[in-house]
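Note that the chains take the letters A, B and C in the order they are written out, and that residue 1 is the start of every chain.
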Amino acid sequence: MSRRARILAGTAGALALAALPLVVKNTFFLHVCILVFMWTVLGAAWNVLGGFAGQVSFGHAALFAIGSYATIILFLKAGIAPWWGIPLGGVAAAGLSVPIGLLCFRLRGPYFSLATLAVAELARLVALNWEWLTNGPIGFLITTLPPLQILGYSVDWESKLPFYALAAFLMMAALLSTAWLRQSRLGAFLAAIREDEDAAEAVGIDTVRSKVVTLALSGFLAGLGGGFYAFYFRYVDPDAVLSIGLSMEMVFIAMVGGLGTVGGPLIGAVFLTTVGEAVRERFQVGHLVFYGLFMMLVIRFLPEGIWGRVLRLLARVQARVQRHGAA
Amino acid sequence: METFVQSLVSGVLMGALYAMIGIGLTVIFGVMRIINLAHGEMVMVGMFGAFWSQTLWGLDPFLSILLWAPVMFVGGMLLYRFLLRKIIPGGELNTLLYTAGLSLLVANLALLAWTGDYRTITLAYTQAPMRPLGIAVPGALAIGFGVAVVVTVALWLFLGRTDMGRAIRATSQNPEAAVLMGVDVERVAVVAFGLGTALAGAAGVLLAPSLYLYPTVGELLIVKSFVIVVLGGLGSVPGAIAGGLLLGVAESLGAVYVSSTYKDGIGYVIFLLVLLYRPSGLFGVGKR
Amino acid sequence: MALLEVEGLTRFFGGLRAVGNLSVEVNEGEILGLIGPNGAGKTTVFNLVTGFVRPSSGAIRLEGRSVVGLKPHAVARRGIARTFQIVKPFPRLSVRENVTLAAFLRHRARREAEAAAMEVVERLGIGHRAETLASQLTLIDQKRLEMARALATGPRILLLDEPMGGLNPSEVGTASGIVEQIRESGVTVILVEHVMKAIMRISDRVVVMHHGEKIADGPPAQVVQDPAVIAAYFGKRAA
């Protein structure tokens, strides 16, 4: 897509987002939108590391959980309002991702992936057992949110609107940072690392630093998503925020949407939320069967993801148009 | 002292079964260089196979290995031939994610079919633990250990004495040279995958009378399998045996002397430590 | 002071001594040929010098400063670049993108890096393939790309690992010409090669390795008559 087309699409999208809740008042629909936005942030977080840097993590729930716990603990124990807690949660997740990265990046490929899995599972065990920090299996519950005034209006926390606005904002931030990454020098380095890590080192690319910085960005986004989760759902416990299922959902969104694309996570999130929720309704336990099946189907038949395929088709159409124009 | 010996013994018994799981994984990796994230689910399938064949047909679980091992062998071959083979050319990342998807699929199909309730197998003849030399040895685990030893010896003979076994070892050491020597590498891959799956399933059958059975146990087992395989060196069968025993003993001693809640965490910590300090395994067999 | 000094360099892999007590000096502006039978340790020396492998013992100094213990990217930053025996391009990226990535080492801004990269690309004769994906190049062009990429990092010294492998005689001639051009442009070269004609023709000096040790060091004409060298190569035809 050309730069102009992208800016146009982005602006149109942003306007549509802003207009939507003014037109559609149905609370369930808004709730679904909020979920889509949140999952987009999480999918984008995973995509930054998995799609752009080519490092497959099966433990991203750990970063999400750091954000969730940080936000909710800061509010319940230190009285810090969630709208500050969420970015702080992002920072906490980014910060903790650095030692995790330095540890796990010593390994490559599948070894790295398994190490992330081990880290996340260890985190879950710690969260379950370190009661003085995390309240163990009981978790934390927000009963009342603090009052907030914006431009003279008192925010109504019972309405979906403030959460919709925040979620949409976080989603735009995530998508914009992914877009920035793609055209940045770091993004170019990541492409090289993905192609051949040794060759990248040989031409002077500090592969460890590139990966750690990327992980920090990925962690920040995941932490933001986690913080929002705590704020919107008001309940955090180890089973909710540290499950392997959650890590897999993040992988799924990025994969199905399109690894290494900017818009992919949004498409993946829509897919996950709509079809996923339907399956969850129908099946309750074992609903992840849908994720497993679709991951396999996508890798087999559509490895570039839905959005990746769309972009490729668009590029082909564009090339054909140009050729006919020249001829 | 008695506690120490007790937990050492349990650790070794359990470790042998872990080792079987690890051997299955290491054979697959050695031949095809793929990490099968669904390996834990293969064990789970074996476990439930034993459970259902006992519940529905009254088949003794230890005898049912004669049924389930061949079934899983064939199943593994079909899985490779019809699903995995097309994915492998797409690269390591894709294969990894594909087997992750497969693992999710199998575990959740099991959840759908059998619910998440914990199941157990009780056997009349192992209710009271045996007490050789005054050490309480859980009967089911001891029998499982015995069968595991038999299976491992049989495998050893297979790899050492038969043509296919040698072909597997050759391909594992150097696939290009194996091709040049006339080995049908594709066929070896199919057999190896079947073998690895059968070993996982067999281990599941043998473990079934000793553990709680639930469909998502694979999540736990896959990390343990990798601890074992990495400890012993990827692709090495003797390494997997040693790794399995080591993990079994470490967990057992850890549960008694460190903390029983973090018992499963021991595997994760060992995994991370080994990967950090000795990625080629304790025996330096080497990653390729 | 020599540009690159290697002193007592040793590397063990388990019980195998791949490189043993190797001492070599490389002077600025030289083309140094590094030859020896297969398994002599030549590529290991490259891996040691460029930081892909740590020495078991010994010193490696560039312009008097040690480079031991530095990671490969840091070694590249110091000014030692290398190519690989089996070419390692970034397959799904274009020639331009491949070389620009290397140019980022010395040029922060993308535009500058691209300009510097394209200059090297043109100089090595693959300018007409700038937008082609690396995986779609012919072998000789991939070798040119490999060299262009290494050169774009602005090195003082370039280590070429069998650049002529797989090339036909006329391509070997072209490649030899390129190596000489590289030296003309001010980059010192260490060249590992099996194609004897090329090495003998363009090297100022030749070092011969056998079983990880240096067995000869001198001008090509002299080295080729050294009985130890002939013994090591017994049976190998001089191309």
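Definition applied: contacts are C-beta pairs under 8 Å (C-beta built on N, C-alpha and C of every residue); 3 or more make two chains touch, one makes a residue touch a chain.
Because the structure is a prediction, the values reported are computed rather than measured.
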Touch-based graph of the chains, sorted into line, ring, star, complete or other: line
Highest-count interface - the chain pair sharing the most C-beta contacts: A-B
Approximate Å spacing (C-alpha centroids) for the pair chain A, chain B: 34
Distance from the mean Cα position of chain C to that of chain A, given in whole angstrom: 43
Chain A-touching residues of chain C, taken from the complex the two chains share: 50, 52, 71-74, 76-77, 81-82, 84, 88-93, 97, 100-102, 104-105, 108, 110, 149-150, 152-153
Partner chain B, residues of chain A touching it in the complex: 54, 56, 58, 103, 106-107, 109-111, 113-115, 117-119, 121-122, 125, 129, 244, 248, 251, 255, 283, 285-289, 291-296, 299-300, 303
Of chain B, residues touching chain A in the complex: 35, 83, 86-87, 90, 92-94, 96-98, 100-112, 115-116, 219, 222-223, 226, 230, 261-262, 264-265, 268-269, 271-272, 275-276, 279
Chain A residues within the chain C interface of the complex: 185, 188-189, 191-192, 195-196, 198-208
